[in-house]
Amino acid sequence: MTVDELCYEIALANRMLDQEGVLDAFGHVSARHPTDPNRYLLSRSRAPGVVEASDILEYTLDSEPVSPPTVPLYSERVIHGEIYKARPDVMAVCHHHSPAFMPLVITGTDYVPVFHLGAIGGVKPPFWDQHDEFGDTNLLVAVPAEGASLARALGKHWMVLMNRHGVTVAGNSVRDCVFRCIYSHFNADYQVRAAAYGKVDPLTAGEAEKGFGISKGTTGQSRAWEYWTARLDSVGRLPAK
Amino acid sequence: MTVDELCYEIALANRMLDQEGVLDAFGHVSARHPTDPNRYLLSRSRAPGVVEASDILEYTLDSEPVSPPTVPLYSERVIHGEIYKARPDVMAVCHHHSPAFMPLVITGTDYVPVFHLGAIGGVKPPFWDQHDEFGDTNLLVAVPAEGASLARALGKHWMVLMNRHGVTVAGNSVRDCVFRCIYSHFNADYQVRAAAYGKVDPLTAGEAEKGFGISKGTTGQSRAWEYWTARLDSVGRLPAK
Amino acid sequence: MTVDELCYEIALANRMLDQEGVLDAFGHVSARHPTDPNRYLLSRSRAPGVVEASDILEYTLDSEPVSPPTVPLYSERVIHGEIYKARPDVMAVCHHHSPAFMPLVITGTDYVPVFHLGAIGGVKPPFWDQHDEFGDTNLLVAVPAEGASLARALGKHWMVLMNRHGVTVAGNSVRDCVFRCIYSHFNADYQVRAAAYGKVDPLTAGEAEKGFGISKGTTGQSRAWEYWTARLDSVGRLPAK
Amino acid sequence: MTVDELCYEIALANRMLDQEGVLDAFGHVSARHPTDPNRYLLSRSRAPGVVEASDILEYTLDSEPVSPPTVPLYSERVIHGEIYKARPDVMAVCHHHSPAFMPLVITGTDYVPVFHLGAIGGVKPPFWDQHDEFGDTNLLVAVPAEGASLARALGKHWMVLMNRHGVTVAGNSVRDCVFRCIYSHFNADYQVRAAAYGKVDPLTAGEAEKGFGISKGTTGQSRAWEYWTARLDSVGRLPAK
């Protein structure tokens, strides 16, 4: 994939996650540079639902823009840089505040896979509280030390919950990251609503491990990508070509 | 109905169930072949909301494609084949993961008719847990033995809940199946939300039995079909003619 | 208002209540004939969201069509006829199964005004259970005796809840009826969600009585009518002129 | 900003808040006159979602129209006038009945910031009960004494909850007011749903104070404004130019 193709893919991913209710005016999706692993690609400061390929800028892993910026930048871009630094296998990152996840991150509750596709979020993703290390902040992950702390919490997992804030998700491609964001968002919604109804009977450890492999072993990821693209298209909201 | 007409009806049913929130990127609707009861019709692997009549393929009841496939197939097509094998009276099948049903299938709770049209889902549809017979799996119903087990659980009913996974619904026509899917989806939503509010007072056994007959005795099914078609049309999402 | 104008108003009301989530494939809105109080106007059997002015038929108060019908009729039209018979001051009737109301009618809970506009539903609307008088039925109100029983339960009120079924609402005009349907639907939603959160502190009796008068004393009803019409228009779903 | 530009901004704000689910057929947004601090600008009586710049009228701080009105006026305009009178630093006001807030105002529960952007609603906004001072009313804030009482309750805060009624929000600009309305609406939704799930762990006092400053210290407000405008535009609902 060329840089131009990847920039379009990032813009599409931003808009998809907005359309499907994972992102709103805030949050962002990035990808590692396709040829230089020490760089990543992320939009200028703009709501995900209106990001264009031409908004994507190149950053160093210290989250400094490679060219002097002429536009405002996301204050939380260190989330992306510090994860790319710590995890060479991660090729895409999304930071979001999905309404489905908020009851979990507000009550400090672990994410638990409750249906097969929910296993894509991980058997037991970690939970990070910015207050533990940094005390009272405005909760934005805005300086490198905060981003690095979050990346350490993520460890070898693919998703980390952030207390009183939101979620950060990684993927081995933009599509893998989007797929994980949307199906973990569904799982969080089901987990919360099921708990209001009765005693949750989650996946067994074995089911969760096998379920985690679903996106690799099936054609599900590309099926979903075609679908989410079609939904954006049907409301006239695809990025400009 | 010719094969071509039925393929269009299947595509329409897939899109309707997507539009009404029963299906998302996953799930599928099939119909038994109109002239050969040992065959069934089902889309290639594609999200239901974008299925076209031209995507529909013909399968044996062992869920093998009649023509060598040039496209990926649904991994869970055995659900359809095994039910058609076990139940000659079933002419259409839908497998879905409706968000309304998830609190039930995650907490292992029976479906209970709580309003007249909810009776269409059956007085007490069975509950199947793949783990009972097959131990830890990724929960996909992907091999004939799993499909056959699910078909046995369905028995003579028209809907079966699947633990930590979703629901499978049968009908004596595509329209009957769609009608049952949507009104059981509403019933599940009401059942769950009512339980969060107070003590549910379900239909009496007699009311549930009489309510089950509503779709036969009234013009309701065709009224609903016209409506769901109009809703798809109003957002420009009817299948191609 | 001429009969033609009123038929258009009824079609518009049906579509509005569909668009605002009160009606779905089922339910219906009628009005008393503008010049003959012993007749009423109601659509042929059709989903409310697609009703046209040309679908409206004229019925006697015994719910017999004035002209021999060439199309299927609603099986529950006796709801309308029996209420017009019992209540000369009622000029419009809507029967619906609003999802917001279902937790109340499934748990047998009274409607309680919890915000000022909710008072429009009445201080304490009655609750009717078809089973009390008719035993096990399919819960459809399909014969005159059932409709008359419901009308007796309504009494001098403007809304009656129906156990395990839905709601019937009356108005002194089509617009009054629509206004009452939508704001009682909001109130039911708030009542249910508030109860899941904490102890509901409803309107005092005095506030509820004064609140009931809001639709008369303000320009609210016409403000809302313009808004709901604009919303239908913005999605291209106004009835044909 | 000229008066004409501000009138357009007010119409846009009304429509945005309707589109984002904070306003419905009722509620309103005003701004202080840009050159005469003793005047304010507010639409004639019209649903917010259809307000045009040409609907905006000029009022004195006693909420009298400056020109003799030829159209109906909002009965609750004293909310705006009395707040502008009491608070010279307030430049915009919105009165709304957001469904997310209703469980709080119906159960008499304080708003608590539960995520970083929710802090924009204030650390502990006051709660006003019209009944305390005025006894049984229809709960509309329709006379100057009621508006003045609400303004006293608001005090130096930027948001006040109104028992069994709704919310009133102030801002130092129209955009600031809209931003506060939407993110407090999200916070209320999260607060209510999280409480149904588990024990809410709100922001610390220090986090809430720092979080309150987010809209000043970042580019968030303009990012969100562009997004909400684009969403209105994508459904063809921008005000006329």
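Note that the chains take the letters A, B, C and D in the order they are written out, and that residue 1 is the start of every chain.
The working rule: contacts are C-beta pairs under 8 Å (C-beta built on N, C-alpha and C of every residue); 3 or more make two chains touch, one makes a residue touch a chain.
Here the structure is a predicted model, which means the values were calculated and not measured.
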Self-contact between copies chain B and chain C, residue sets same or different by half: different
CA centroid of chain B to CA centroid of chain C, Å: 32
Centroid spacing, where centroids are CA-atom means, of chain A and chain C in whole angstrom: 45
For chain D, residues contacting two or more additional chains: 196
Topology of the chain contact graph, where touching chains are joined (line, ring, star, complete, other): ring
Every chain pair in contact, whichever chains are involved: A-B, A-D, B-C, C-D
For the chain B and chain A complex, residues of the former touching the latter: 24-26, 45-47, 49-50, 72, 75, 97, 99, 102-109, 131, 135-140, 163-166, 192, 195-196, 235-237
Partner chain B, residues of chain A touching it in the complex: 114-117, 119, 186, 189-191, 193-194, 196-207, 209-211, 213-214, 217-220, 223-224, 226-228, 230-231, 234
